[in-house]
Amino acid sequence: MKKIIKTPVFGINSKSYMYGAALLELAEYADHLAEEYDMSIMFSAPYADLGKIAAETKYIILNAQGMDPIHTGRGMGHVLPESLAEAGADGVFLNHAERPMTLSQLIKAVSRAKELQMHTIVLADSVQEARMTALLKPTMIICEQTELIGTGKTADVKYMQETKAAIKEIHPGIIVLQGAGNRTAEDVYNAIKNGSEGSGASSGIFLAKNPKEKIRELFEGALKAREEFGSRVYGEEEI
Amino acid sequence: MKKIIKTPVFGINSKSYMYGAALLELAEYADHLAEEYDMSIMFSAPYADLGKIAAETKYIILNAQGMDPIHTGRGMGHVLPESLAEAGADGVFLNHAERPMTLSQLIKAVSRAKELQMHTIVLADSVQEARMTALLKPTMIICEQTELIGTGKTADVKYMQETKAAIKEIHPGIIVLQGAGNRTAEDVYNAIKNGSEGSGASSGIFLAKNPKEKIRELFEGALKAREEFGSRVYGEEEI
Amino acid sequence: MKKIIKTPVFGINSKSYMYGAALLELAEYADHLAEEYDMSIMFSAPYADLGKIAAETKYIILNAQGMDPIHTGRGMGHVLPESLAEAGADGVFLNHAERPMTLSQLIKAVSRAKELQMHTIVLADSVQEARMTALLKPTMIICEQTELIGTGKTADVKYMQETKAAIKEIHPGIIVLQGAGNRTAEDVYNAIKNGSEGSGASSGIFLAKNPKEKIRELFEGALKAREEFGSRVYGEEEI
Amino acid sequence: MKKIIKTPVFGINSKSYMYGAALLELAEYADHLAEEYDMSIMFSAPYADLGKIAAETKYIILNAQGMDPIHTGRGMGHVLPESLAEAGADGVFLNHAERPMTLSQLIKAVSRAKELQMHTIVLADSVQEARMTALLKPTMIICEQTELIGTGKTADVKYMQETKAAIKEIHPGIIVLQGAGNRTAEDVYNAIKNGSEGSGASSGIFLAKNPKEKIRELFEGALKAREEFGSRVYGEEEI
């Protein structure tokens, strides 16, 4: 069963910044926040860390950072969808700028994830890409302007509105996130205020002196935005 | 500390054929064989399965099926070396025909694995490739003729001798395996008889009706060969 | 100025089967057919052959077989769009199964081709891919079931109708071709009869004992179909 | 027949900076310099420009910027070796940092080039890579520190000496070039003075206000170095 998602979501994307015991500790902290504040926290981890984090957490939505659209069989060193699902991943990121997919692979990967009841979080870096990926009806589309990744610069409002409108016109049930570059609670708050159905950070958290404190700080931005702009539940109907 | 390797080794390469609980069961069985017969068993698993298998086994040499030569940092969905080592991988396969690497990446990946005290098992599919990869002084080179993978056809003796001689001339401390295509204990026995310092299977095991029985059957071939042709210890000196 | 295209088109796709003087001779023959029968013939050639073929022909629509979505600058060994256009290519194939593109690259490549007034011929191997690529409004979409390439088996009618309907619903101005696997004039005729707006061959022509005769033979199928099912002009309005 | 190469060579590497008529003009100018000063000038061009440049020049060594190690057949959009050779390419760059190759592909590509009597210019970005590629006995190895490309910073002397020694130890008949980052005649002169068997530029020429004048300027550095440090002929014996 897929976990239900409530917006605004809060995202913690570890990429390859952290792993092992240190990452597990942050995941447990995020799990605590997710439970206490009843907020959907999207937490990504390296493939090799998924099993342990899944075993030790309950409330976060745990995501793999990529996947190959294969079936069991050959595929030495490929990322087998079933191996992620059985390890406890609730979802998977697809087509991130640092792990781009061919169009055919992306289509197959979304399909494989749905077979396995995994959430799909697809990245799109232009209005056209947002519209094209919306046709696949993933759980969530993150409209990230590739050139802003890791810069601390946030997306411009016009881009955010255009991509969101383009996606919602195709399937209103797709959650639309925008951003990249959040460094402060204010950034997170503003992203949601400007229409993003959630926010979070990657380098903003993992390059901070104290990642746990930074999570807490950014999380406050999401809480404040939820209080002001309300919440919405996705996923009770079939995604 | 790297695990010491005794030849002939026995290899169980799961590729993407199996994962999760079923694979864990085979890993535990292999661990039992490795202990009871004091044989080095090279066991590969999908990234997401490494942690659990490492926690439940002790004698097998557990290998990741690939790795990206990155350092901690960006690298969404990449396979971070540190994440494998901390999950408990003893080694890593590099440059397999189903996950080929650029020359630059291969060089960096061998270097990264050595930093992390991981064994390196590099694939080579021609005499020239064997010679070139030998310059990197990996733990082991598997000379696999790509066109034989999954066919049940075994490598020809002349090819085996040439590749082995080419590698040993450069570094006698590199373990040289040959094969691909083993289906029977006889195949495994013959590979070692013909000079391979170990043998094993992938599809031969995982497409068998009963993979556990097939492991036992092929393992007998390795035992018989060891009895006749003797054993050698690698890795007490620095590899 | 883009060349106007009349359907049904006839396609001669050389892939890497032929090059140089032999291919030039076929291009000249195709040019003669295109002129004499006033049919749009889509002719593809290796990058290095484009200049000479463009110089010696006038009526065929000459296409590059791929392109990288770069601008002038770095990009050693990449396929610069401007270099194709100046060499005389009228169009470019994008996202062929043998040269798949990431979604981002495909979007940028269609855009770059339009800037340079080149036709875009995009491949799609599923109904979903057809629909997604239609959003890019290329000149032509070829719905090719990847598994049929080079087999001599032709696409099934239901698949052809579904993909065509999906594309035309989005932009009726996109020319829709189907097929792969044509070996006889009958195959070509049937493809058009079943709704494809053209047809042609690759291995069917270039692996034939006499490629020129085979072109003539298949071309008859296209002529017969045009006579029965009529013709349509594309491209007088802005594509 | 391969063209004989005399060192020091002078290299003009257009990458994707220039194409068509403008590039042809520079090629003709380089051809004039090559004839008048009897110097081997290595000139690279986009695939689509090779045919025309080959037809209009005689003395430069014209190189493709990459190649796929395929044989005639399928391979839509791939770079067929035979298509380059018949278009008039004298050689080919392989494994450039901007078009890296897997180890297997590199081995096959060097082999395919030799079958077609084409020179092979292989890039290597570390001492280990230099040594490994030397085993393939290409015509030339360019030891380029990837991080310096396009920066205007030149390689350090120790790196140059180590890579050269490593290569010459394996095959003294391989021409060894170093550099990247040349901007002035002095840079070119110094590279050769420090042991490089030639020098040249890419961005240094093509981003200059007047590329033709810049070629002339840098060429003077090569002439001066030849006068002082002498010349050597390669390629009369079998490479």
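Lettered A, B, C and D in written order, each chain numbered from 1.
As a working rule, a contact is a pair of C-beta atoms (placed from the backbone, for glycine too) under 8 Å apart; a residue touches a chain by one contact, two chains touch by 3 or more.
In this text, all values refer to a predicted model and were calculated from it rather than measured experimentally.
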Co-neighbours of subunit C and subunit B - touch as defined:
A, D
Subunit D against subunit B, contact positions shared by both copies (same if over half, else different):
same
Centre to centre, using CA atoms, which chain is the farthest one from subunit A?
D
Rotating subunit A so its CA atoms sit on subunit C gives an angle in degrees, to the nearest 5, of 180
Length of the line joining the C-alpha centres of subunit B and subunit D, rounded to whole Å:
39
When the C-alpha atoms of subunit A and subunit D are each averaged to a single point, how far apart are the two points in Å?
45
Go ahead and note the Å separation of the Cα centroids belonging to subunit A and subunit B.
35
Specify, in ascending order, the residues of subunit A that touch 2 or more different other chains.
97
Topology of the chain contact graph, where touching chains are joined (line, ring, star, complete, other)
ring
Pairwise, the chains that touch are A-B, A-C, B-D, C-D
Residues on subunit D engaged by subunit B in the complex (per definition of touch):
95, 97, 100-107, 125-126, 128-129, 131-133, 135-136, 146
Complex contacts: residues of subunit C adjacent to subunit D
13, 15-21, 44, 46-52, 64-66, 70, 72-80, 82-84, 86-87, 89, 93, 96-99, 149-150, 202-203
